[in-house]
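Below: one structure in structure tokens.
Chain naming follows the written order as A, B, C and D, and within any one chain the residues start at number 1.
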Amino acid sequence: MVKDHERKLQEIKEAARKHCEDRDWDQFHGAKDLAVALSIEASELLEHFRFKSKKEVEELFKNPKKREEIEKEMADILYFLSRLAQKYDVDLSEAFDKGMERNKKNYPIEKAKGSNKKYDEF
Amino acid sequence: MVKDHERKLQEIKEAARKHCEDRDWDQFHGAKDLAVALSIEASELLEHFRFKSKKEVEELFKNPKKREEIEKEMADILYFLSRLAQKYDVDLSEAFDKGMERNKKNYPIEKAKGSNKKYDEF
Amino acid sequence: MVKDHERKLQEIKEAARKHCEDRDWDQFHGAKDLAVALSIEASELLEHFRFKSKKEVEELFKNPKKREEIEKEMADILYFLSRLAQKYDVDLSEAFDKGMERNKKNYPIEKAKGSNKKYDEF
Amino acid sequence: MVKDHERKLQEIKEAARKHCEDRDWDQFHGAKDLAVALSIEASELLEHFRFKSKKEVEELFKNPKKREEIEKEMADILYFLSRLAQKYDVDLSEAFDKGMERNKKNYPIEKAKGSNKKYDEF
């Protein structure tokens, strides 16, 4: 299988596009519904950790069946995110680079190191 | 700036890793807290479309300032997803390919074409 | 069964308290985990409407089985909200009254009538 | 101010109804958009606890300003939940009672006591 080392974001978007266009799903995939789907998938990921302690969460990743379920939810998030990006011509790489620039400004190392504060609490 | 055509998923994960390790954030970035963050960012994306009609949502993407805000939320989702994948050794490409195989089985073209039903409603 | 006309918020909180204390769940019910649970239940409610048109959503409420499923998710939200309020001594009525005062100020009738704008967009 | 000891659920629904009808918001308040709003408000509540330890979360409730912000989010959840119930003729008390019956069956005391397992994991 293809590894993250080789896989380009564009290929992910293209696979999502083909899957959805083959099924005539453009009509359902407005940005609002895709954001709803993203939000639901993020909650399904979170559900695996509900009421679990930090230690129990770490154990989940050592259980192959649980790990696969968690990875499935992560894949669903990537699918809807890349579909949204493809449908609305968003370059995720550019957006990510801008985001990391913003994160670096909001969280300068000297202030943010070892801190869990939000940038507006510094 | 780097485009999705060239950007590999591994590079996204590596940038997220470096940013977080430079700030000693491993201690805060358990899977539960990263999933909480993902869920919050997905909601912030969704908030742009709250109470908006399909047409109003499409207009948002034509407004450069609004589009940038939306792309910012998408970047935040990618950041936390790739950080989670990096921290727990998840190969997003493999998980995505498996997910698309599952989607193809759950939504065969002849049944799913033009339908917004969930697979368990066929 | 008791109707909303008679049911006091305090009774809801008391039922949630007893259920949880009978099961020694105080140890799991910190505010963070209860907020995670609330967020997941809100997503499960939303899932019923995913990719559905306005008309299809209205139809769901006419289907007794679907209506019951939707009401179940609403009950779960009320359960976790009242449990959180009970556990942290929050008077929901007071908070609600304050919230409605704030809503009235943020959305004065003359500006908000017939508008889906957020208050900071007026 | 009215306390939970006296406040009936019907009064909450009635206040939400009046507020929204005074502003001609029925047109925007379909179940899907109200569920989107609920999900967003639940995330805003959760955001207060993001990356925070159990101890830090408890401290938030001792800080009057933070407590007020948290109570505001809880009020918003109650507002959208009761508005949804009012708009679609849902008796929250009945739904809650049914939910508690279901919870009692799914989580019998002898199995659930002191356990954070989900009912399908017993």
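Simple rule for what comes next: contacts are C-beta pairs under 8 Å (C-beta built on N, C-alpha and C of every residue); 3 or more make two chains touch, one makes a residue touch a chain.
Just so you know, these numbers come straight off a predicted model, no measurement behind them.
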item: Copy pair chain A, chain D: interface residue numbering same or different (half cut); value: same
item: Rounded Å distance, chain C centre to chain D centre (Cα mean); value: 3
item: Centroid distance [mean C-alpha coordinates] between chain D and chain B, Å; value: 27
item: Contacts with 2+ other chains: residues of chain D; value: 28, 32, 36, 39, 42-43, 46, 49-52, 116
item: Chain contact topology (line, ring, star, complete or other); value: complete
item: Touching residues (chain side chain A, partner chain B) in the complex; value: 1-10, 12-13, 15, 19, 22-25, 27-28, 30-32, 35-36, 38-39, 41-43, 45-46, 48-49, 52, 54, 57-58, 60-61, 70-72, 74-79, 81, 84-85, 88, 90-100, 102-104, 107, 109, 112-116
item: Of chain B, residues touching chain D in the complex; value: 28, 33, 36-37, 39-40, 42-44, 46-47, 49-51
item: Complex contacts: residues of chain D adjacent to chain A; value: 32, 36, 39, 50-53, 56, 116, 118
